[in-house]
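Labels for the chains are A, B, C and D, by order of writing; each one numbers its residues from 1.
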Amino acid sequence: MSEESLLPLGLALHATGVALALVLRRQPAACRWVAFVASLCGSLTSFALGASVLASGRPVRGVLFANTAAGLSVGYTVDPLSAWFLVTLAVLAAPLALYSVGYLAHAIPPGRTAFVGMAWNVLLLSVEMVFAADGVLGFLVAWELMSLATAALVATDHESRPSRRSAYLFLVMSHLGTGCLVAGFFLLAQAGGSLAFADLLGGSASPGALRGLVFVLFLVGFGVKAGMVPLHIWLPEAHPAAPSNVSALMSGGLINAGLYGLVRVGAGGLGRPDPHWGMAVLLLGSVSAVLGVLYALGETDLKRLLAFSTIENGGIALMAFGAGMMGLAAGHPGTAALGVVAGLYHVLNHAAFKGLLFLGAGGVVASTGTRRIEELGGLVHRMPRTAGLFLLGSAAIAGLPLLNGFASEWLVFQALLRGFFSAERLTRIVLPLGGALLALTSALAAACFVKAFALTFLARPRSRAAAEARESPALLLVPQAFLALACVGLGLFPGLVVRVLGGVAAALPGIGPKPALAGGLAGVSVGVPAFDQLSPFVLVPAALVALGLAAAIGFMTARERRRAPTWGCGGELTAEAEYTATAFAKPLVTVFRDIYRPTREVSTVETAPYFASEVRYRSQIGAPFERLVYEPAARAVLAAAGRLRIIQAGSLHAYLAYVLVLGVMLLWWLGGLP
Amino acid sequence: MTTNPLSVALFAAAQAMGFLLLAPLLRGLIKKMKAAFQLRQGPRFSQPYSDLRKLLRKEPVRSTTASWVFVAGPRVYFASAVVATTLVPAVLASAPLERAGGILLLVGLLALGRFALATAALDTGSPFGGMGASREMTVGALAEPALILALFTAGLSAGTLNLGELVRRTAERGTSIHPSDLLAAAALFIVLLAEAGRVPVDNPATHLELTMIHEAMVLEYSGADLALVEWASAVKELLFMTLLAGLFLPVGVATSVTPEALAISSLALLAKIFGLALLVVLVESTNAKLRFFRVPELMAVALGLGFLALAMRFF
Amino acid sequence: MNLLLATLAAPLATAGLGALPGPRRPKEIVLVSGLAATLALAVATAGRFLAGETPVAFEGALRVDALSALVLVLTAFVGLLAGLYSVGYLERNERAGFVSAKRRTELLALVPAYLAAMLLVAVSNNLGILWIAVEATTLASVFLVAFHNRDTSLEAAWKFLVLGSVGLAFALLGTVLLFASGQGVLGEEMSALDWTHLLAHASALHPFTVKLAVVFLLIGYGTKAGLAPMHTWKPDAYREAPSPAGVLMAVGMMNCSVYAILRVHLVSKAALGPEFSERLLLGLGLASVLVATPFILIQWNLKRLLAYSSIEHVGIMAIGFGLGGEAATLGALLHMTYHTFAKPVAFFSAGTLAQLHRSSDFEEIGGGTLGRTPVASGLLLLATLMVTGSPPFGLFWSEMTILKAGFFGPHLAVVAVFLAALVVLFCGFFYQVGRLTLGPDTKPADRAVLPERLDLAMGTTLVAAVFAVVSAFYLPDSLVALIRAAVRVVEGS
Amino acid sequence: MIHDFVILCAAGMLVSLYLMVGQKALVVAIRLYGVQSLLLGVVGVALGLAEQRTHLLVTAALTIVLKALVIPWFLLRVIDRVGIRREIEPYVNVPASLLLCLGLTVVGYRVSLGMAGASQGVAHQVVGVALSMVLIGLFLMVTRRKAITQIIALLTVENAVFLVAMGATSGMPLVVELGISFDVILAVLVLGVLVHRIVDRFESMDTSRLSNLRG
């Protein structure tokens, strides 16, 4: 089977999935299997393609279809960068497909199985096409399809207002983005006239005001999808509203589309970037990362929490890319490569652990019927496997050593620090600031996921539903196990990943070969002379020994162990007394109150003076961007439209007057002509 | 330095053992000196050892609510601390496992320990555990950036983030007291106070629920579990002091494995740590514990110091 | 007999037969077969043209070049769809117990008559004939607007007729002036007003008079096309006219008016160079797109929504022609073609919803129609995707072609505004259709809804949908050749 | 001299239009329209005789018969049927209307100057008159509420067009001419029918009431 035919094959598989789902819409069970097995095969195919391209480093090209009338043909090119994103997508989508089969069975009404199956395959098809498109039009088609399919999936449960609303919000935002992309691409193509990426994004764009404008348009257009603050507002709404398998795909797969675009244009695609570009990306990334994790920390809805953490991780990747772009601008391909590598690595890792976490959350939601952390708790006893996997995911996303999150964040730090020696003054302040913010981010992420895991799974159940939860079936657990395995593997052998990514970075215009980092089975080493290196698996034996020692100490010394109820200050300790998620986050919310702008209300019901029979406490975290930017804008537009209603007030005389005025104006203008 | 796996393993084991054995002594030392400051007799130096022995004898009582997480927590915490000791150069100007990684890995390991313990603390459903975990993570979240910035200052001025390499280079270069080093050291010291749960951040001696952080977190632990936690905390404290000493005044560090070099550097290390301990005691006995919500301000100071250090060094 | 004349005669004959009293079935069969014949003849005529000859009649007063052939075929296609749908439409109304036999006769006669007039527009080579034909379409359609004989339909018809007549008066003035501009050049016999003749002598025409004429002609035929600010009759007329008539107006009439405008544009280009009329078209087009935007955001009625969408689309075409150049013209003609395929789906599905709910107002239909009338609502959503220019459907390609040409051209500001308007239009359209089709069932309790059936009307809608979807991926080579040839006609190369 | 005569008639038509603007009685308006059409016919006859154009004569005859006689008669019948005699207060009062019409006349003439170079000497004055008539007629439609008035105004616009056809060209080709006239008649009939329906339905000819379709 030749490489050229792999992508068409994969897309065809997805298409078959759509068709078969449509045919079998009356038998949900069969429909599930067919649709998602098709999607699984499609993902495997695109994985094979991506892998072979990454292995050989040679791009694969081909033509998909041509619209003869408009004289437009849509071809594809899978170069290492595309390949990397294809692989990332497949790593997530393959287990997701399996999960979906089991999940949809009891997560959505059977009548909609076919719909979800179709939209799902369309979505994957379009995302793969986004990564593979070799020209503007093909890209835009795929991009639009992606948005539409996603919106459709978010609106799966369209009877509920939130999902309708968030689907629409998503549609609007992504259209704003698409508009910017269209303008950007065509403005860029204006000079050459060709719409092929090879000509547009080959780094041939000549510097100037126009190029700056184009980059801003791209930053907005792709930033929307990447969940970049302040364009992120759709993300925390849309991701939770969708079924969990879709949420996982959106968080782990779709924001990558935005990041992909930014790498394409940022890393030499528009020629050597201006220094400000990289700085802008870095700063926007830092803001996204910090705000994302802060809001995640303040969140008590499990899936919203994960969505906000998606914004955080997108931000981390952006920081890396930003640092890379700054390096590129300063003429240090090594640093640029480091930044790109770090960012791409983090993208893959994020796909792995965010997928894992969303799937776990999906299992929890499916078995308890609630997403509110306050109503969960104690699940570790009822769903031990899910709990274990979720804990691993949490540790990974918190950037703890020996897991993949740590590896990529380590590289991001390296990227930020490498820029250091080679940069001028302003950069030297921006980069360490970025480092500090990254450190803050990962520390907050640790706090956030202690909360996410411990308050969901540990202690006593805080609701009936939680108390009666039951473990997810194997069909849901196996994919999670796979992703968990990916988290461990990617964490233990960063060297191998970096070696692959070095090739990807080298293939980018403007970076070229000789990235300043070496990777191998032994691990990663950055900079010459050795600036820093990382080989986690050296630590594995030490860790095992130490753990063994600890276990031995605990085991040998104590003769017998006793079980006793938790000390409740003398009283009976009930689940109500437990620390809640809100309480857990309270100190940090207080510390960062200037960002959260929380509104709280405390109401006390006093039976007798000084004897409160009950105290109610509500705390709401403000949404500044919606409140200060988007809602006023929307209101203004609608108000303006409402005022324009007068044009069509129903009076024929007015209508005739329009014609008269137009006529008079034109005649007057004509009379003025020589 | 050496790369032969066996010798590396031995080296690592030796250093870890060293830390494990000496850490309680440091605790004892500090207690004693504090007592001396307060004109009290105070416990013996070896008191912490006896405490550990006692705890190890006792049977651990575990909550009926708790799960395996509760058991795993202290062990991971302990392990992470022990592994961390193999990443910092102590007597020799090289860390046993420095190949594994540098500053960032060290910070990561400490974070891992904190993560494990905080998670486990929430397992019993005791409000104190929750409170402690929440506060520990808060302080940690603020201390970590400061720590990283302080370490970066040292690392970047030496041009490497690998602790062994770092100490070697500073040792070759000799101690140059650049103002930024002082600032960074100060930041690191504040972080040390926070990480070791010292006044003014926390008070290791108190058991008054509303003020305590670390103690609240481990309130439900007993017996060997508690012993592991305490021991690991002590190791962490010693670790931080060694780090401070190694990074900012690398006087007499052994760059070669000769008996006299080792002897000198061990003595030097002991002296430095004694000095740091004295400093800690001074701070502890001259300051009152801060209200919890004032702690962030202290951490902000540390962060500011770290950033300033970096800026001064490179701007 | 002349194929061209046959093409025109077929619908006329159908109309005549339709006007006769008689039982329902046979008349319906006559209608459908007549319109089918018309389509066949139109295609044959176009085939003749492609084969290399140019069909003419009345010594060149009627003449088929690429542009005419394109419009002819598209219009005949819509005519057939409208015919099929109107039969189904009448069936439904009888199920619901409206529509007397008289009304039925009216519809069965007027639809083909209207179509005949439109076809005449498409093939007329003569300014005078063109004007007469357009006037005829107006007179034929005014009673279709007034069909339901409600207060509102009378109002709409009145506005439609008065505005239309004013427009036609302007067009006539323009025609006369154009004739006047060629005094002593064109001669005085009938053929003096032929396009071919005018184009041949374009250089000799008196420039200023031509400018004057072009202004009046553009306002005049712009009124029929529904370019802002002469668009005001459209929403009323579309809301009141029965769906089959609506689609004839929205697609057939629009194509024909655009055809007329194009002819004027050609003469103007030949006589004055491109800038003059291109600037006018650009202005009117942009105005139309911008006017449509707010009303789609605040719309309260499904059919009016479609009216504003068609104002938007005619604006897009005008912008395309106004931008000028090979690419933009191709985009505009493609837009016309794909719009012809996509709009019927929208009109028919909306018409079905309106008919089953006995109203086209959003309040009276109520939300969540996807639950009550899944097929129609699904088709409406599909149509929404099409008319908002979403990929992979045809209008996306044409809009992209126009945008590309625009961004490559000098009018960056205009194109930027245009693009922004497109984005807002998309959002507005989806908001309206979304709140109609999605969500929980919020049908007003007092309204009964006819059950959805796979009747002839629904079948027609499905067929139209299939055509629209297929056309996005595949257009027959002959049609493509026709479009390309039409581009050459407009670009005069 | 024939040209002066033509221009005189044209001016007369304009005057009649001004008179129309100046008063409110429907009957008078219709009569004025008749006079206007008659003048138009006279123009046709004059030009036809002067330049020996038979088909111009035919058109002229057609105009006189249809527009000076048939249509007025038809309209008068309509208002008899409807029984409405006076135009109620227009949107713009009479003095203001007259001023605005002056302005419109200026616009018309200003444009027509551009045609001064056209082949015939008379052309641009006639066109000037005609353009101002078109604008004023439209203005009349904008400001008057009664359906009939609007129809009359529309017809005067048509007259203006024919004036151009005769004065500025040597008459349109006959076929076209006939077709157009036929269409105009049809249009008037249809308008009349609609007016009937409207009056039946709304008991009024006041089109300003027809404003229920908004947005």
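FYI, a residue touches a chain if its C-beta (ideal position, glycine included) is under 8 Å from a C-beta of that chain, and two chains touch if they have at least 3 such contacts.
Worth saying up front: this structure is predicted, and the values here are computed from it rather than measured.
Listed here as common contacts of chain B and chain C: A. Number of steps on the shortest path from chain C to chain D, with steps defined by chain touch: 1.
Between A-B and A-C, more C-beta contact pairs join the chains of A-B. Chain B has its Cα centroid 36 Å from the Cα centroid of chain A.
Chain A and chain C have Cα centroids lying 44 Å from one another. Chain geometry summary: the mean Cα position of chain B and that of chain D are 101 Å apart. Taking each chain's centre as the average of its CA atoms, chain A and chain D sit 69 Å apart. Within chain C, contacts with two or more other chains are made by residues 158-159, 162, 166, 170, 208, 211-212, 235, 295, 298.
Each of residues 111, 114, 134, 138, 141, 207, 210-213, 215 in chain D touches at least two other chains. With touch defined as above, residues shared between interfaces to two or more other chains in chain A number as follows: 645, 648, 652, 656, 659, 663, 667, 670, 673.
Chain pairs that touch one another, listed by label: A-B, A-C, A-D, C-D.
Note for the complex: chain C touches chain D at residues 126-129, 131-132, 135-136, 138-139, 142, 146, 149, 151-152, 154-159, 161-162, 165-166, 168-170, 172-173, 176-177, 179-181, 183-184, 188-190, 192-193, 206, 208-209, 211-212, 235-236, 239, 295, 298-301, 304. Put simply, chain A touches chain C in their complex at residues 65, 67-72, 137, 140-141, 144-145, 148, 155, 158-159, 161, 164, 168, 171-172, 175-176, 178-179, 182-183, 186-187, 189-190, 193, 195, 637-638, 640-642, 644-645, 647-648, 652, 654-656, 658-659, 661-663, 666-667, 670, 673. Residue ranges on chain B touching chain A, taken from their complex, read 9, 12-13, 16, 56-69, 71, 74-76, 78-80, 82-83, 86, 97, 99-105, 107-109, 111-112, 114-115, 118-119, 122-127, 129-131, 133-135, 137-138, 140-145, 148-149, 152, 155-156, 159-162, 165, 219-220, 223-225, 227-228, 292-293, 296, 303, 306-307, 310-311, 314-315.
The touching residues of chain D, counted against chain C in their complex, run 111, 114-115, 117-120, 123, 127, 130, 134, 138, 141, 147, 150, 154, 157-158, 160-161, 164-165, 168-173, 175-176, 179-180, 183, 186-187, 190-191, 194, 197-198, 201-202, 207, 210-213, 215. Every residue of chain A that touches chain B in the complex is listed here, in rising order: 378, 380-381, 384, 387, 391, 395, 398-401, 406, 410, 413, 417, 420-421, 425, 428-429, 432-433, 435-437, 439-440, 442-444, 446-447, 450-451, 453-455, 458-460, 523, 529-536, 538-539, 541-543, 545-547, 549-551, 553-554, 557-568, 573, 575, 577-579, 583-588, 590-591.
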